[in-house]
């Protein structure tokens, strides 16, 4: 039978993600690099007590709507719907905007393990590559070192960082074929490319599915072996809960515009 | 017993190929393993990986044809095929070591009752190449070894303990030889199939460790 | 002394940009650092890296324009430029941690006399984001920090020992503030330049550790 | 001044490689993936006592000539000209052909550190990525483990493998621009892509140099930051020492043809 990783719907793609699962969420923080519709499907499923692995922890759809995003949900949809128990992240909060994750963190409703961004990438890669751990010089002499093994190698101090293993990875790519070969666009490759294949099951949300053979062998960024399921984005976005854009988000957007013009 | 029918290389490859399930990602070593690509069961789509950095390539080209920038791990030129991807060595072994391959098929010199594999150096030569063998043996979800049951001198290759240099310990899952198919389990070596005309006792007589004869042990199935 | 001229953000960025040599690979942090991209010395070709996985991109787009798949680490859309490349996060931090960047420029809250940097969390907030700061501070060949010389309350930010959470120890090479340019050396902090109208003594009075005044200490050079 | 990494000649590209240097040699073993002309230039320079890091140790130009290669020299050119003191390699010898490296190894004229192929790739990457070392499960219980630290992580045994650092990396790519951005073809990416940027100085031999901007951002395999020097291959190959093809090579080629048709 021809290999076909394409799933008919976002709901079916996430149907077996259980409560308490560890999930990697691709992207950098911008909604364009986020598997928005998979996250929404996860909320519809009503999953609880997730441990998430991601770069940031969401800014909320209002911020992205103001910036004109077509699919505006980011990880915040999991945060505000109380799906998360613990987040492993490098940039969980913003300097210019108090996101829902920060509010919940201050309220003691979520746990946080903060990891330097490069260490996060390397720990995810270690899981993907079957390594037991890596020694990084990053974080020595800081809070990151606490409770971890260190080692002097060639006269320099390193911290032992262990793989981050996960049950599912939810990533966003640009194009895919039925084998799961993926191509990303520019800065939206980011953690999507790193996480593909790092979890037991990798699910990719894509803009477009092309015929097998249309992606040139040398242009494929993620070989299909790392991808288990694919779902393609619809033409139109249907918003789950249409609501007014919050005052917070408007203020944040104003600040963003100022920074941008600075 | 010497006159009994033994499977030839092609038939051993055919038997190995029966193990390939729909959608499996498979790495084939040099020698008999690579022949298995010709015997994928009808209707199954199987994707081959080569450790030099290609996935989903096509068949080996005829001589004199082929693109020198598109070779398998044996250095043979292969055809591009729809869905093929290329990557560097670090990525290739991320795939291999990270457990992303369903099956690795390799040749062997010795296999022990615990599933240890020796296949990179014959003691007489004293020099051999590890290549990708150690990574492939450790990393693949399932390791199939294909080899003759005995050496040219008639000595068992299925042994209690490997006397040759070890490639990987406790890693072989299935052994296909020219006279038997043996599963390596936590309980020991289970004889599943024998070549046409062979009895389990005859296979045992050419095998060092004691075989557990599967209640369902039967003649090797090729189709 | 309160009335003395202090460099504004743009001027600090201009001073930082003077450090960019021909062919340098440079990562610019959010805030003042990113402004330095506008002041590359005439005739020099400098390549910017952004830790979210792009190298050699162009300027920040005007508002409302821009491709959401092409942003810098501050989330601002940037233009593609000839020679630009994109890569994933593991590769981006291979670049950063592996010492491939010539210069990393970052904002700071405190810098110690040993070159320790604190820039990811103010104690009052109790929560902050590490992001790529620790990797960039440790990995770049040269770390330039740009910050105001004192806090809003007038307390020194150049300190004997950081009281804020440390980003990286012994990593800052050059400090550009609104009143001084200080090199961090094995012997201590060397005052190289002062803002127009400032004396080394006045800079010292706003600095916790003792500064070594360079014999050649002069007014900040912007061109 | 515009960045321009293009060197006028192969000799100038390798002019500063000193005796005793550690050099990475890209490619897998096939000559198509090898920086042939850089290796020849190194021999012309008369460099001695090199430590090499490579997948294999060369088959010799005769073998490749018989296969129709235009630029037929592989690492064997360094071996047979006595440039090498020690080789770090995964597949130094061949099962079907005794190469010059094997002869010299048996004669005690070169040293060998044999490394599993994936471990070789990972140790090279560790140097490139600034890691102090990685834990791999590969090689446990084998000769590879001897003399190395091991560690049980999560119930499984791993070997600590240290970075392989080098002074120069000589790699082969297909296309480049003046910034050093590289694109490879198919299976010729291999160790070339892994080694780019892993040594202090990376020198790339390429088929073609294109204008800056011709390589699309998402198709570049090696960002220019990893590449220090570029040299483009000439139209014509000029053989240094024209000699008859050896009997050994002819026999090996016969065997190869048999294997191929098998």
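Just so it is clear, A, B, C and D label the chains in written order, and each chain counts residues from 1 on its own.
To be clear about the criterion, a contact is a pair of C-beta atoms (placed from the backbone, for glycine too) under 8 Å apart; a residue touches a chain by one contact, two chains touch by 3 or more.
Computed from a predicted structure; not experimentally measured.
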By label order, what chains touch chain B and chain D together? A
Comparing centres built from CA atoms, which chain ends up most distant from chain B? C
A-C compared against A-B, more contacting pairs: A-C
For the pair chain A and chain D, the C-alpha centroid-to-centroid distance in angstrom is 36
Mean-CA-position distance for chain C and chain B (Å): 56
Distance from chain C to chain A - Cα centre to Cα centre, in angstrom: 28
Taking the mean of the C-alpha atoms as each chain's centre, how many Å separate chain A from chain B? 38
Send over the residues of chain A in touch with two or more other chains. 122, 125, 129-131, 136-137, 184-186, 189, 217-218, 221
Do you know which chain B residues sit against two or more other chains? 54, 80, 86-87, 93, 97, 139
Is the chain-to-chain touch network here best called a line, a ring, a star, complete, or other? other
So, with touch as defined above, which chain pairs make the list? A-B, A-C, A-D, B-D, C-D
Please name which positions on chain D make contact with chain B in the complex. 28-33, 55-56, 67-69, 90-95, 102, 105-106, 114-122, 124-125, 136-144, 174, 184-194, 221, 257, 259-262
Any idea which chain D residues touch chain C in the complex? 1-3, 125, 127-131, 177, 179, 181, 197, 211-213, 215, 217-218, 220, 223-226
Contact residues on chain B for chain D in the complex? 9, 30, 35, 50-54, 60, 63-64, 67-76, 80, 86-90, 92-93, 96-97, 116, 127-135, 138-139, 165-170
In the complex, the residues of chain D that touch chain A are 122, 126, 129-137, 151, 153-154, 156, 158, 162, 183-186, 189, 217-219, 221
Would you mind writing out the residues of chain B in touch with chain A in their complex? 22-23, 25, 43-45, 47, 49, 54-56, 80-87, 91, 93-95, 97-101, 139
